[in-house]
Amino acid sequence: MTGGTDMFEPFDPYADRLREECGVFGVLGHEDASALTALGLHALQHRGQEAAGIVTLDKDQFRAERHLGLVGDHFSNADTISRLPGMAAVGHVRYSTTGEPALRNVQPLFAELSGGGFAICHNGNFTNALTLRKQLIEDGAICQSTSDSEVVLQLVARSREKKIVDRFIDAIRQMEGAYALVALTNKKLIGARDPLGIRPLVLGDLNGAPILASETCALDIIGATFIREIENGEVIVCTPSGIESFFPFGRKPARPCIFEYIYFARPDSIVGGRSVYDVRREMGRQLARESHVDSDVIVPVPDSGVPAAIGYSQESGVPFELGIIRNHYVGRTFIEPTQQIRTLGVKLKHSANKAIIQGKRVTLIDDSLVRGTTSVKIVQMIRDAGATEVHFRLASPPIRFSDYYGIDTPVREKLLAAKYSLEEMRTYIGADSLAFVSVDGIYKAMGYEGRDNANPQFTDHCFTGDYPTPLTDLSEDQELARTPRLVEVR
Amino acid sequence: MTGGTDMFEPFDPYADRLREECGVFGVLGHEDASALTALGLHALQHRGQEAAGIVTLDKDQFRAERHLGLVGDHFSNADTISRLPGMAAVGHVRYSTTGEPALRNVQPLFAELSGGGFAICHNGNFTNALTLRKQLIEDGAICQSTSDSEVVLQLVARSREKKIVDRFIDAIRQMEGAYALVALTNKKLIGARDPLGIRPLVLGDLNGAPILASETCALDIIGATFIREIENGEVIVCTPSGIESFFPFGRKPARPCIFEYIYFARPDSIVGGRSVYDVRREMGRQLARESHVDSDVIVPVPDSGVPAAIGYSQESGVPFELGIIRNHYVGRTFIEPTQQIRTLGVKLKHSANKAIIQGKRVTLIDDSLVRGTTSVKIVQMIRDAGATEVHFRLASPPIRFSDYYGIDTPVREKLLAAKYSLEEMRTYIGADSLAFVSVDGIYKAMGYEGRDNANPQFTDHCFTGDYPTPLTDLSEDQELARTPRLVEVR
Amino acid sequence: MTGGTDMFEPFDPYADRLREECGVFGVLGHEDASALTALGLHALQHRGQEAAGIVTLDKDQFRAERHLGLVGDHFSNADTISRLPGMAAVGHVRYSTTGEPALRNVQPLFAELSGGGFAICHNGNFTNALTLRKQLIEDGAICQSTSDSEVVLQLVARSREKKIVDRFIDAIRQMEGAYALVALTNKKLIGARDPLGIRPLVLGDLNGAPILASETCALDIIGATFIREIENGEVIVCTPSGIESFFPFGRKPARPCIFEYIYFARPDSIVGGRSVYDVRREMGRQLARESHVDSDVIVPVPDSGVPAAIGYSQESGVPFELGIIRNHYVGRTFIEPTQQIRTLGVKLKHSANKAIIQGKRVTLIDDSLVRGTTSVKIVQMIRDAGATEVHFRLASPPIRFSDYYGIDTPVREKLLAAKYSLEEMRTYIGADSLAFVSVDGIYKAMGYEGRDNANPQFTDHCFTGDYPTPLTDLSEDQELARTPRLVEVR
Amino acid sequence: MTGGTDMFEPFDPYADRLREECGVFGVLGHEDASALTALGLHALQHRGQEAAGIVTLDKDQFRAERHLGLVGDHFSNADTISRLPGMAAVGHVRYSTTGEPALRNVQPLFAELSGGGFAICHNGNFTNALTLRKQLIEDGAICQSTSDSEVVLQLVARSREKKIVDRFIDAIRQMEGAYALVALTNKKLIGARDPLGIRPLVLGDLNGAPILASETCALDIIGATFIREIENGEVIVCTPSGIESFFPFGRKPARPCIFEYIYFARPDSIVGGRSVYDVRREMGRQLARESHVDSDVIVPVPDSGVPAAIGYSQESGVPFELGIIRNHYVGRTFIEPTQQIRTLGVKLKHSANKAIIQGKRVTLIDDSLVRGTTSVKIVQMIRDAGATEVHFRLASPPIRFSDYYGIDTPVREKLLAAKYSLEEMRTYIGADSLAFVSVDGIYKAMGYEGRDNANPQFTDHCFTGDYPTPLTDLSEDQELARTPRLVEVR
């Protein structure tokens, strides 16, 4: 139950984070469509750093450019932008959950339909994609990617509807799960959000050109005006002559993913009308209210723990200090020291600020606890720097259940809070005390009295086990995953 | 009618060559399947230098690796080979005719079918692919490549037959044109040649493992035994328990492409029972018999004119000499000199061997004449080196018609022999005399009395206009080509 | 006097920073010498991101590896480390001031002397290097680099002394300016600090192996113990049998560079016995004491303004908030938008956190003001986000003079504080108020009563014009710089 | 004494060739100086494929670009040429003998002298360079490269002469060995050939601009006129106002290296007034006269054996045929098959043309025999293809002694002819008969009665052991080579 054996194994102190799968962006009717998309994706880079792609439409010609790597590394110069002319564009940043970062899975996905081209970008996860894929293959479809997102493209291609919007709606009616979709046809920019609005999507405007993006920070970077959020279950269709909305699933209460506030969205984004930074600081305050323990200094785990730590410090009156210093020059590859070096307990990405720690009672603030492997090391590092006490505080409740809606969580057996009691976790982490915000606490930080258990305001199954949609693929025969597939070695 | 305006434009003296589209290779039941395939493709590299790919099958797992560039640059080291384990493999080298060398078009193509994986490699061209592709898209298929070869894959996927061999035969029954196909399923290695046997395919054996390859030189490099040619219209199915043959189109006389002898096949390959080197030398002899003119020296245009020049020299008794020296270190990029330099008439790839040329009457021997742009320059170079007379002799007849079966010929308007009379060509080229082998002459060089016009022994439409199959796509509405397609910028 | 014309020109908001030239590291007698050096350089990466190099000694064999780019990109894997075997190593990270980032200038520099090899690393700048270089060339020396550091290597090579330490001391006696040097001979690791100790150098110990490094953070990353600072004017010689010290310039009071505290050193380093983080926070407190103005929120300019902002907030009681959000995924290349995009005022590297800014009176805290080009934009961004007042506070005095000791400052005419009065600067920056810490204030923050003008405790000429050494090259004929030199295009 | 153990070891059939070290080029007074130099180096690429470099002079500014790799890969585009402006340039292609292909050794070498810049290129080898280098280092010189060529640069830098031409002559007076040098100063283009004229150097003219080059083929590619060879022992100095000659060693008979004719020079070059192609064909004729044996076909080992095989065929009347086909697509990397594959005896670079070989008595013609490792395999390959007899004929005498003048020969113990008698060699090679041209035979092929043993017309020590200069470094203490040097890992 101690972290001992793990101590020298994973070297990335940020390895034990949740990861979002994607960010999406689209623009219609602007002569700098590809440059705007590149900038929007750059602002959404925190949602996926594995790959990025842009498809533009220039008159009737679609053009695609997709790369593994960061937006700034591949879409940053005038040459690239000039290879992507056109008045409309959609783009995508991606983090893959499955470990196959092949180029074929980099979005936007594209199909040449009988009526014209169709490009699509997806953030989220379809919970019945494997089931549908199996059926599609039996019907003679050829799936070129291994991504769940391709299924919606295949369904659009096979729809017997005439109009492209109807084909799109026909397709998403068959899909279950979480999605924010942005699609581009020969004439239209289409956006859609799943019936519960689990994944985010906003509408903006730049001098009359409509913009769709995962977060408002992508509007800010290009100076676009925020118009509104796409509603849950809404299909929005932008054409040069205006914007239309469809609600193919009827109107239901929304239930957006609470993790956008806790971890994924950028602090300067506005999600559901709330400043993400404000919510996080408020969660820190709530944490102080619920579980304060006397200490000399409040130290955030950088960088995601900072807003909560500021809130905790403000509520508790204990000073906020940078007790952990981050090394900004990590680059893309990590040093893999020899075995001898490894046992030195090297800290490549951050180090303790001894002057702040030594002889002090330290309260560490982090945003969430997943497997706990990093937390073990951080607590040890703080102790090694001379702290007399180390109290660990989490600005979110214990994560006890896996996600299936586009967040890369470990299997349940690896979730520390799914295996251990609070006291066992404290022992594992090696802290003098350990506390999480309560589930009601996070709802309070969001401005509610607490969780409405009858009609929960947010998708929060990771804390509660209350999954908001069927998990069809999970309940199907596990053979699904074993369909023989091609491994693209390169 | 002079070559003047072209003089400083195309810098590649080998630019005016015909180009083959592809070479294919497959092996079943050998533990070094991927290494053998890499070697076989290396031996077939002359059939396509743009891209190469290999798919292997290791138990039930298919693995693919595809690259733009030469086989030796990407499949040459132990690492790559170890990433491609398995007892079966198929591979492809490619030269694209359409100018879109995107990775998505690099073969083998692959589909995950309901019954298992299916990889396919194609040499040749389907003359009704655009027509079928249009129909497939209307039926909801998504074509990920822009290659004609994908159509056969889509048809296999959609076939209602149960068994994979039946599905494959179902698919090729719908295809018109020229093809040598090599496919790999979970259990079988399949080969097929079009009903006329236009494109070549041979069967070999390496310690019991069957090998399929475009040419015998791919057998020689791995020490495999040549068994026989796949017959025209034959579908050959290799399994661990043996080899089966099918003739879905019945039995008809073969009519292989004569250009394999004239230009494409490697001189050390045996095609249709004939040594390619022997045939080329014999064409040189025939050329001497038909159109000899007195001269001091026989000079081949390197390297493809060498065997014919040897034959011409042997028949005429005029000495064979290397009057043009090739620079072997051209590398992949060509020097693009400044405008000033360009007017110097730089010869980057070859140079005249003045000691052999000066003061001599020179007979130049080349294998074929396409647009004539290179020939203009070579004749000029020989004159500049001091030749008193320059006689140009071609070891093939005038090319007057485009190919649609996998050879990259220019549009008809660019073919010199389609535009000009013999005398006009001579004037354009700048030679003192010009002669081609006659059509009957090449049949004589092949051991016949001459061309059997009722039942021509070879596919020779480039010389005669006698196309052996329907050209459906050509006769269809030209809208076909205008289907909106994605350009993969990168 | 407004920042208007600059508005859309420099896109890097961090462009207007001072830059240190180098970090140095050395180790003797450890079997992981090269891995330790790579890690040490990684910890010193903030001192130079342009290039990095390591020289190791394995028995009698020196080996070098030098690269443009980050340590983590080139020295991070087991392969590289295994190419650099040996029990001793020296390394260097570099930022070049002159704009020629050629590989020939990447250190360690190396010479094969008659007695053996000699590798040297330099942080600082020699103020008489051009003068000496001219003389060396007249005497027949061939300088392969264009770096001032090579001069000391040439002087060691030409010294008539017998022993290598005497040759080294002979060489540095001829040098003026600022330097921390780390050198490696066949048997010895040598360190040296200039007579005033302007540039920093510390001694550490790892299981008996002596370590030399620019900062203590390079000791922390490898778990080495901090022993002491190298003293000003000290030459320290480490051999397997022990450590010796020499004071070739006698003993004088030290006068270290105050900018190590203000900007260069990492916050977790201990410099001159003081925590850099503590000093910066104290400067923020001093700033609040000297020039507090009422406001609603204290916002640091990330990341270097954070410690001072925390101190300012603690002293003033005004809450500290992250009002500017940094984008961590900038990568190495920057997006160069089209002209149209550029006028949108894109913020690629950071953005305003509107929720914190809107309707607030904001006090911005930064560490220093150089040319002011970035500050103009930051103030504008904060105003655009809805601040009602913007007060700009700097945790260092006005920079009025250029540096010649290894800090990349612009020419004097570009320094805002050298051109303008305080009120003119305020107008230029566009702030409602502007204030700097006083010169005495920073001495107070360091624990003194104030600056001892008779014997200043620190090198602070950038604020005071009080240069501590002769500036020989500056006073020499300006012909020096015009010596014809080779430009290494690549 | 059989080739057995070597059979599967070296995979490059061209590995067993002699290699020249370098080619040099220079031009003065032409606005396309760098483009001309790139083209000239491209024509000289056969003299060195490891690296290439160009230094230009634009007014007073020297610029350098040096690369590992082929000229066509690095100096082929307008961008590179535009980075190298100026009216004068010198360039170098290199093959290194020592296996350290570090960038620091890529020429032109450059020094900033007190009077201005000085760039130098060297083809050949100094036989006292190590001795002089040791002395230079004792005198305080820093040698940045490990090349023998740097010594002459150091001597120029240290010369006490005033004028640059005098300094250059002062330097070469101290050098022993073989050299063709091309140097560029602020105003002059200088060429020099060693006292015996061992290495070649020619003078050309392009519209008034003087050109220096290793071979005439470099003049041909740019359309320059051949003026004359630089004489043995001549120093030629080109300035805008004319050309001057110096003979610092007085006038002696020349003794050029005979291997330029046998192997190194391009067949279309004119060396010493003779066509290289003619000489090689004549050597083939002489070979037929001396050692003809009845056979059915003459087969050259491609490509260097072709001219001699043509001559042999013409003299003997036995037909010349391409019995070995070369694969032109080898690329830069070679396939490294697995152990299983290796034992198949794979032929990656050439293959037997069975149709020509089978059932025939074959006479193989090659230009020279070094270690014999390749010849063993070629004979075996020809036998495997069905030859009934294999006769091996070499168009040069047995190589019994190593070279020290710039040709990369193996140590003497590896030279087959130094170890074995003719019959032993035949047995090792596995041929039915083996013969070499006699030493007098090659002199006859050059137009002489035979070798003038009193005053040999050529440098021919590889055949005769008659070294024409002292070999100082060889006779010095072998400690020379052991000077501790830096290994540039990268």
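Chains here go by letter, A, B, C and D, matching the order in which they are written, and residues are numbered from 1 within each.
In this section, a residue touches a chain if its C-beta (ideal position, glycine included) is under 8 Å from a C-beta of that chain, and two chains touch if they have at least 3 such contacts.
In UniProt terms the chains read A, B, C, D = Amidophosphoribosyltransferase.
These numbers come from a predicted model, not from an experiment.
Chains making contact with chain A as well as with chain C: none in this assembly.
Chains making contact with chain C as well as with chain D: none in this assembly. On a Cα centroid basis, the chain most remote from chain D in this structure is A. Where chain B touches chain D, the two copies mostly use the same residue numbers: shared numbers make up over half of all numbers in play.
A separation of 50 Å divides the Cα centre of chain A from that of chain B. Centre-to-centre separation between chain B and chain D, using Cα means, comes to 37 Å. For the pair chain A and chain D, the distance between C-alpha centroids works out to 62 Å.
Under the contact definition stated at the top, not a single residue of chain C touches 2 or more other chains.
A list of each chain pair in contact follows: A-B, A-C, B-D, C-D. Listed in rising order, the residues of chain A touching chain B in the complex are 55, 60-67, 83-84, 103, 110-114, 116-117, 119, 134, 137-138, 140-144, 153-154, 157-159, 186, 483-490.
By the touch criterion stated above, chain B contacts chain D in their complex at residues 31-32, 35-36, 38-39, 42-43, 45-46, 49, 70-73, 75-78, 81, 217, 220-223, 266-268, 270, 275, 277-278, 281, 303, 306-307, 310, 314, 319-322, 325, 327-338, 340-341, 344-348, 351-356.
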